[in-house]
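Alright, structures below, take your time with them.
One chain, chain A, appears in both complexes that follow, with chain B as partner in the first and chain C in the second.
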Partner chain A sequence: MKTRAWGSTILLGILLVAITYPFIWLKLSYEPLSGVLRAIPDFKRGFAFLSGLAPLVGSGLGIYFLFRFLKQNSFFQKKTTAVYHSYKHIRRNSFFPLILFLVFASLAFFSGPKTLNVLIMVGIYMILSLGLNVTIGMTGLLVLGYAGFFALGGYTFAILQQKIPGVTWWMAMPMACLIGAAVGGLVGLPCLRLKGDYLAIVTLGFAESFREMVRNMSGFTGGDSGLVIQAASKVQPLFGLGVKSMVYLWVLAAVFLTVIILHRLYYSPLGRAWTAIRENEIAAEAMGVPVVKMKLLAFSLSAVFAAIAGVFYTAHIGFLNPESSAFEISVLVLAMVILGGLGSIPGALLGSFLLYYIPTILRDYFPTIADYRLLLFGTIMVIMMLVRPQGLLGSKDRV
Partner chain B sequence: MLEIILNGLVRGACYALVALGYTMVYGILGMINFAHGEVFMIGMFASVFGIGVASVLLPGYLFIALIVGFIVSILIAAGFGYANERIAYRRLRGAHLMAPLTSAIGLSIVLQNFIMLSVTKDKIDFPQAQSRFFLENQWHVCEGLTISYLQLLILGTSLVVMGALFWVIHRTRLGMAMRAVAQDRMMAQLVGVSVNKTITTTFVIGSVLASIAGVMVSMYQGVARFDSGYLMGLKAFTAAVLGGIGNIPGAVLGGFILGVTEDLTSYGVGSDWKNLTTFLILMVVLLVRPRGLLGERTANKV
Partner chain C sequence: MRQLVLDVQNVGKRFGGLKAIDNICFQVGKGEILSVIGPNGAGKTTLFNCLSGFYQPDAGDVILSGERVNGMSPHQICRRGMARTFQNIRLFDHLSLVDNVLVGDTNHHSTSVWGMLIRSLSYRTFQQAAKERAMKWISFVGIEADPRSKAGHLSYGNQRRLEVARALATDPQVILLDEPGAGMNPSEIGGMIELIAKIRSQGITVVLIEHHMKVVMDISDRILVLDHGEELAIGKPEEIRNHPDVIEAYLGGSGEKRKVS
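Let's turn to the complex of A and B:
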């Protein structure tokens, strides 16, 4: 590296230390009576913050060096290529998805409730990230308030079963899909005619407003305390399997269906039109692609998937409150899609598995890790964009 | 009624200051600076820390502490604005539109959580010792209209700062360079404008404006929280779109309109609905007049 590059890196480092110094190493003590505020150096809290950061930095560096080592190791490379080729061979078999489904479905029979809970949540996040991938990955539109549609689906189900006793989750599903599509279209219509970044902020505003609306109309939606799902509307045990196992099976079926639908769509004329819009909107329009219509379709479709995930989530947890529309969930799903690979279906699956499963494991060893989750997701988004914008499984020519 | 409109104007002045940062960056880069709301929040926190340090070093000098708070806030926010541009935008300037957006959102999440984890999850108080003078003294203008000194300070400071910004943009070499880069980046580079420096300066100026708004808002509300920047960013963006994004007088106008509308909604409908009104305004403006009130229709550049 040239000395000048080093110099600017060091300067940037010094700047970073200078601007973060007060927040890490100073402690505020406020006397409300006299109104005097003092900031005193406090190393204990600063070290506590940094030590909470340590496992994240450590595992990040560990993964980085592991990848570097594996990349240079020719023996390992030969083996992975061999495995990959045999995998490709198996994948061509048309029974492959069915076999995969059966393998995962068999987990329902001998997993404990704790494992099943994690698996169900991973499945729900997989549906969410697959749905978000339609807008972000395939069409190239940034959506920041995806949790708004997730909550919309959940609330559709929760309110329906409240008003009409005996409505089961699968009866509410078509209604949730319809409402999701309609609201998606309504929210998307004004901003999809404009440049891409308007959609990001409008959806962000939508999720926030939806949360506030649910809070304000407490007679209808239960307000802050939320709505409870009646036992009759939840997933029923079947074939001698427990409730958890049945929820898992239904979610698994939904994930598979979503994957198949999206795979077929991606290679259809519709998917080609979306890709064309992502690559160059003006060129696509010049080629005769109805840009606004296609974008609206993609956005509505992804809202539908979010609504489906919302119904599953509500049926699984049995309870729904306005926090389901929180920014945190939108960010989590966004980070999953970006980590896994924009526009890649296996990428979205891998991303949601990694980002839900790894924090769950880490939480057992480092209890404070839950607080650092969002910091991790934000860092992943920045680093992936700088280093590998196509994500883990995305191919280079696609984005 | 006059009082409500006045409160709205004061609120709107703060929105306008933050909205200027959005609109400047949009004008020059054609992108939304998503981390801008976070810079505003950091300005809030930095001023409180600055006042804290100053009152340890110079106990008793309240006004000096307040000025130190302003300066520290401006310096730190400028640093964050610079770092934001260097980390999230500069390397991705030629990339697909999604890449800088995503990295900026990632950075804003990082900043928010950094403050939450390193400072506190709860609110911090703006010291009463410094803000008491401005809160307690009032000026009776006429029947039914009283302005506190703090409201005067906010309106006055923001008008002065906005005036200074107009002067910088229309009367100095830097402003000329900024307008040139906004018009055509390559052409500006060809005639010898340092594009990198100009863009960085734009980010820094926007951050300084946001931090000034941050100090005043934290003084006005008395508290600061790690997530204060999120809603502020959303509203300031709405203000910028309302006035026509990329248009500097538009951002000011949009900020004032938004502030007044919000306070009228709180008065007429209830304060629970004011954020929803903001969103509705944004949607209606995008639907009816996407270029904003003062924006001009421009053709797409190919």
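Let's turn to the complex of A and C:
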């Protein structure tokens, strides 16, 4: 890093402390006898806050240096602006994801349970937003009831382990994927003639009716009180690592697999066909793209990833209730995709990280404004639409 | 007689009470250029939509190389060898030129998903070959822009050419060009005439809708004249030029009639 970069980093640090100073570094103390209200510095809480940020800053710096290293060693080349070269680029760097994976996997060994909880949930949301990106970003189908597929995956697992003792989460995974794909296709089928807002309403209807269905089939799904996952069905400790660490590793692996699969599909003829449908459905149809088949495929694939995320979520939390199909989750995932950038894989990752991590920070360090996080999201979204409508890392080009 | 490629038999289409086209019959042979002309609202684009599957004809048959294609969806017709361009350009604006053309590469869609996921050798070599084919078509239509640039950034004339390249990439027997010269200046039109001749020299049959009489008269082997959805005349350019009905349709009545009225 150049001196200027160091300088701005230090400046950023000072700025961070300056902004957070009134909230975190000060403690109000009220002395009832004299009636004096005094603000006294509270360094303990302040440093706790900074150390909470440390993994974020650390992993950011780690990734930065890794990129630099790879760039200088000429086996990491800057992406060209088109798909044209993309598969060559992939082949040359096939070990790059592996390095990244190892860096993130190492977090499992020295992170506390709290950090791991956050990381696991970020990972689950990453899978969700990557999956939603297939329909919204790549194929241009606005799906608003994505949490329905998420809950579907979760309930597949929860009901299976209830009915058949000894079914573990990974045994339920293929079943959840199959059911997810089938239901995704079924929901997609009547939606093929719909576009834009109408499609959004139908998918929203799916999620809401799924929630009501789960509520009312209480003998099967536990109704409002939900289902509890038996200990034997949960993730088991392995390699001397705790349960949390193992969940984190599995989720991490799933995120990487999702990214690799979607990246490869995106730059394949299939992804090209999806993008063509998004850009101009009529022209795509005229050029021999089987639009109906492709849309159904996008729907199914997207539902499969939601179901996978649902199984992980259920295995992680150990409990599932109908609220997992709530509208808020659909909107949150949608916001993640839009914030990161429609159609962009790194964008979906960044979006889910930010929109999950920010509320966590708020909850831990600014409990007073944590209740206003939806307001904050709304503001962020409005500002995004005005300033950078394509999203943080997004662009509609397939770069 | 040349080998028959496209046989249109008594095709008709109505929208409610309106007969958009009625009883259209013509045959086109391999490597032939047929122009479809007619006043606005004559049903030229409706005819194209019926041929390419966007509309289902109410009556008649469309036979492509001996196979009846009416009733099929557009992508099926496209794969059987009839490609089209659009009157108002319909490109994939956010895709690169190469990608635009590759969408048209119909062989592509048959690649297996597993091959894509594991990037098998056959898939990669196939990609490479497809990319080279696409580049070939881009230079064939005479676009000199960077093939990696976005289609939306092309000039108007080049966008029209790119649409042709995309249609050619589907490996068609017949290509339907809907006003390829619309909105072009005379020198661009000259280039388009050359391009159409080049397409024919590849053994591809061309059916085109065009308003520029220069294009129509210069390159057409035969001309089909539509008026009010009906076939007014079909024949060689010089026959059409002197056809009394055609003159009437275009000029709104012959000299004598105008005197009477």
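Convention: the second predicted complex is superposed on the first by the 290 of 399 C-alpha atoms of A that agree within 3 Å, B and C clash if a C-alpha of one lies under 4 Å from a C-alpha of the other, contacts with A are read in each partner's own complex, and residues count from 1 in each chain.
Quick note on the criterion: a contact is a pair of C-beta atoms (placed from the backbone, for glycine too) under 8 Å apart; a residue touches a chain by one contact, two chains touch by 3 or more.
Just so it is clear, the structure is predicted and the values come from calculations on it, not from any experiment.
By the touch criterion defined above, A:Ile282 lies against chain B and chain C together after alignment on the C-alpha atoms of chain A. By the document's definition of touching, neither partner reaches A:Asp364: not chain B, not chain C. Counting the residues of chain A that each partner touches, chain B and chain C differ, and the larger count belongs to B. In the superposed pair of complexes, A:Leu144 makes contact with chain B only, with no contact to chain C. Using the contact criterion defined above for the overlaid structures, shared-chain residue A:Ser34 touches chain B, although it does not reach chain C.
Contacts of A:Gly46 after superposition: chain B is touched, whereas chain C is not reached. In the superposition on chain A, contact is made by A:Arg272 with chain C only, not with chain B. Overlap of the chain B and chain C contact sets on chain A: residues 282.
By the touch criterion given at the top, residues 12, 15-16, 18-20, 22-24, 26, 28, 30, 32, 34-40, 45-46, 49, 52, 136, 140, 142, 144, 187, 189-191, 193-198, 200-202, 204-206, 208-209, 212-213, 215-216, 282, 327, 331, 334-335, 338, 342, 371-372, 374-375, 377-382, 385-386, 389, 399 of chain A touch chain B in their complex. Across the complex, chain A meets chain C through its residues 80-85, 87, 90-91, 261, 264-265, 268-270, 272-273, 275-276, 279-280, 282-291, 395-398. Residue ranges of chain B in contact with chain A, taken from their complex: 30-32, 34, 45-46, 48-53, 55-56, 59, 72, 76, 79-80, 82-83, 86-88, 91-92, 95-103, 105-110, 112-119, 124-125, 127-130, 132, 230-231, 234, 237-238, 241, 272-273, 275-276, 278-279, 282-283, 286-287, 290, 300, 302.
Chain C makes touch with chain A in their complex at residues 52, 54, 73-75, 78-79, 83-84, 86, 90-96, 98-99, 102-106, 108-109, 111, 113, 116-117, 119, 124, 127, 131, 147-150, 166-167, 170.
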